[in-house]
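Here the chain labels run A, B, C and D in written order, and each chain numbers its own residues starting at 1.
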Amino acid sequence: MILEGIYAPVPTPFDLKSGDISHSAMEDNIRRWAVTSLNGLVICGSNGELPFISVSERAELTRTAKLALEKSGVDKKIITGTFMHSTRETIDCSVRAADAGADAVLILPPHYFKAAGMSGAKKFFEETANSSPIPIVLYNMPGNTGVNLDAETVIELSRHPNIIGVKDTSGDMTQMCRIANECGENFSVFCGSGNYLLPSLAVGASGGTLAVANLYPESAARLLKACMESDMPRARALQYRLMLASDALTRKFGVPGLKASMDRAGLYGGPCRSPLSDLGDDEKHRLFDALDSTGLDEYESWRHIC
Amino acid sequence: MILEGIYAPVPTPFDLKSGDISHSAMEDNIRRWAVTSLNGLVICGSNGELPFISVSERAELTRTAKLALEKSGVDKKIITGTFMHSTRETIDCSVRAADAGADAVLILPPHYFKAAGMSGAKKFFEETANSSPIPIVLYNMPGNTGVNLDAETVIELSRHPNIIGVKDTSGDMTQMCRIANECGENFSVFCGSGNYLLPSLAVGASGGTLAVANLYPESAARLLKACMESDMPRARALQYRLMLASDALTRKFGVPGLKASMDRAGLYGGPCRSPLSDLGDDEKHRLFDALDSTGLDEYESWRHIC
Amino acid sequence: MILEGIYAPVPTPFDLKSGDISHSAMEDNIRRWAVTSLNGLVICGSNGELPFISVSERAELTRTAKLALEKSGVDKKIITGTFMHSTRETIDCSVRAADAGADAVLILPPHYFKAAGMSGAKKFFEETANSSPIPIVLYNMPGNTGVNLDAETVIELSRHPNIIGVKDTSGDMTQMCRIANECGENFSVFCGSGNYLLPSLAVGASGGTLAVANLYPESAARLLKACMESDMPRARALQYRLMLASDALTRKFGVPGLKASMDRAGLYGGPCRSPLSDLGDDEKHRLFDALDSTGLDEYESWRHIC
Amino acid sequence: MILEGIYAPVPTPFDLKSGDISHSAMEDNIRRWAVTSLNGLVICGSNGELPFISVSERAELTRTAKLALEKSGVDKKIITGTFMHSTRETIDCSVRAADAGADAVLILPPHYFKAAGMSGAKKFFEETANSSPIPIVLYNMPGNTGVNLDAETVIELSRHPNIIGVKDTSGDMTQMCRIANECGENFSVFCGSGNYLLPSLAVGASGGTLAVANLYPESAARLLKACMESDMPRARALQYRLMLASDALTRKFGVPGLKASMDRAGLYGGPCRSPLSDLGDDEKHRLFDALDSTGLDEYESWRHIC
């Protein structure tokens, strides 16, 4: 499996009353995304409220996504977030995700005991990679974990045959440049945010998994295409607009903002699990104004197909 | 319930082969601590490898501890760590801990989605306190979570009748001083590290839950007594020695260090769960030398009682 | 020279029109402080707007302070802040401060080039100590410099015969405890903030240089006395009130707050140098209310002596 | 004046014996750089050991550089670093730099008193811009100052007619993208490090002032040209090699590394001012190996012209 193109880290839909997962909403959303240019979906990433979803729920979500894609008859990859704090639970979760149809798993480094450091991360990923039936994508997300998975460690881990890439959300271009050039050809670097997709591609990333791609997959795909075609002026102009949408969605309003925007766009966003709080009306207005000002909706005609 | 005195945050003993919890080792350890001056035990705190222990395991550990204390015929409190990332799982875990015999629960603030901030923390603790059958102790542990539960938030939360105290491991004396003086009489401040027990007592803490108290409960109790009796020179001398032991155990060598030291002292330490790694021989020597140099063993004669 | 008791880091008075130093205001202020329990004054510390004061101005301020103390016929020490970013300018400034009558100099670690680290700090302090005609007090102020002068480095530097102490404003009790116990008898630890004077004394500090002591020297001296007499309940109550005043003055409103409070108390505060801005009316009200609520004015009768 | 192309932040040459500035070495170095593609020189930036250089020395260095460029008969801009901690000294330094021939001044935000924040930064830059005879380039360097000059503040300041650009060394692509797109046409964004020149250009920077350009000006100019010509594969390959050189020079070995490399390349590097320390032999070998491995020397034939 090669990581490339644009992936969406899809939110987990919860039933308004019970707070349980709504598999019908999940299926509906995926049917909608099936017609887009997205190359894959990430289930239970940070935007999928990963830490609030149990091991069983993650497997069930994966199964639902797999079936929905099959029904739609499209070829898109599924990557499932299977991080648990202990190695044994992470392996268990990865096995169950594989069984449910995931193509790969996305795994954070250990981060509660900060002293474990990079040697703890190596141990954790190597033990997991040895036991996971499907490939591992490293997930560097220092804004949430407080731990940066450094270039040296990623390069070492890239030699493991069952570790195929990294999603890097550090925004550190030096690190991304080094990783993209010093890992082998079978290892891919994915940008973790629409805020800096073009800079990441410029230093060697092969694509990205972007919260903003849940709503603007065609915009992200156009940016990627402009970059591949070396049309820098066009890529630069798209990046600015994508950054505005991405920054509003993720840095300012987080998962609740993404869900509110999906509700407005005719997808199912629904509520977050507590302790996250849904946006108030005032926040929604500010978010929607920020999104509308980007003018990117013109590229997203798929939203009108129901 | 009033928090006071010295508590030990006990490690979780794992079977060497299976990696499952060893309830017999837990029982043996607790029988040993029963004869000490400890006022209580914390089950599944950070030193109990909290994030690696499932909800069911936490309840079972609590039940084992409760029974062991009853068998020993001593009156010591049990506080169980029940933090899960979602409110619903935290409540579920708290209900099960209560059912298993815990006197109170110890709960971290939400910390994966940093943007939730103090308003997310308030929502989380209030919803949990409304539903927990037993009182809540707030657990401020910024070194592990990357989130500081600030004084204003703690003071607001202290007004909830089911929130009875805070274990503060920030080391921030301004914050601790403000909390100790501005929360009501029914709210207690507990120091979270033997590194600064005396300074904490000096600004109003009523005791502490200290990793070092697993091995040096009498030393900690002596320090507390010296402070209560206003014998500052004695308290100061004890604090320096306790800091040396505490700093070696927790800041330098973490849970693996605590477990290795327990093995040496005739308690059951055993292995950590991966991704934590047990200490190597060289690290053990350095740790044991540091502990021996404190000279505190003279106060810990209970260790010779089997 | 032995560091002990309470020192005030005095603000630098500027002429309202020219922005130059007002030596007459400096002299008046010092005449007022002469009757207090203060053991010494720090000229050109952070509260003296150190980085805005030229080498010549620092020497002149020292000379004015020395003469004013002599006129008042009291025995109080003068410590002058002589940090410049290069070693050669720091030595030059220290020589001139000594010539102007300072008893010691207070010096920050190098901090612009963070990579220099603790080995850069050692080199800097040792070269300076070798050339300074008067003793050096290390000045650890990570909140302003972004660099923590760690315990190991302080302990090594304490062996230099011309380095006599450290003013520690890290608030890190572990570090202060280690330094206070592992440096020799001729080396003193001074607390750098009224926010945690009592905790610092509890781990071995011999006093402090406290912004709050510009206005509340008797309150600070009473706390010190209560601690020396092992009257913990009294010390604890005083610490809370002193923390409230200190926190409002320094953490919330900074040097502009200290100067506004001095103006109100009949001392000369005057304007700050740009880019610092003087407080607005609303900020002044909040600050003065916070100070008044401490009730500490009752101990400060010296303010009525003109 | 429009900021564009590649600038070198030149080191300040000191006499080996006296530690004073060696104006003849400065002149020799500039004569060498005169034949390169560099568009300008920065005098007394961070690599010029800014905080160790007095106001008079900065003016003299500027004068020497101006004369050397005139003698060489080439048209390159001079920007002088004139930050002092107080506004009044910064203005004084800027006036003297202008008088000595600088085309613009480069100024850090205030950073000792962190509480001054962005409102302090605005006040500082506006007062300085009102009084400086030549334009101001904002200098965002959070790694050294601990303060990030945020996008909102830069955008507001960009409206001042005497503020013409920003050198951003934060590495934050979101921030750079926003600034490059939301400031007017007369305001330029300069990348502050060779580690991420291409990503910066990709989001709208017009060039950069790069430590690595002291040794590899032609390599940087080639990267810039490849990007302008939308030759992304070539730009990407050059960026990786430039990053390796830049990272070794600045992040790993700092100013001492830059000076050692200049000595080796036949320019005058010479000693640093204390507390910086010159590299040891082992460090030099590691640095030189890292530089040689980039293969960029092939583009730098100007080094053979004496």
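Convention: a residue touches a chain if its C-beta (ideal position, glycine included) is under 8 Å from a C-beta of that chain, and two chains touch if they have at least 3 such contacts.
Only a predicted model underlies this, so the values are computations on that prediction, with no experimental measurement involved.
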Count of contact steps on the shortest path from chain A to chain C: 2
C-alpha-based rotation, chain B on chain C, 0 to 180 degrees, nearest 5: 180
Between chain A and chain B, centroid-to-centroid distance (C-alpha), Å: 36
Chain contact topology (line, ring, star, complete or other): ring
Full enumeration of touching chain pairs: A-B, A-D, B-C, C-D
Residues of chain B that touch chain C when the two form their complex: 171-174, 177-178, 180-181, 195-196, 198-200, 202-204, 227, 230-233, 235-236, 239-240, 243, 247, 251
Of all residues in chain A, those that touch chain B in their complex: 19, 46, 50-52, 54, 85-89, 110, 112-116, 119-121, 123-124, 127, 143-146, 254-255, 273-277
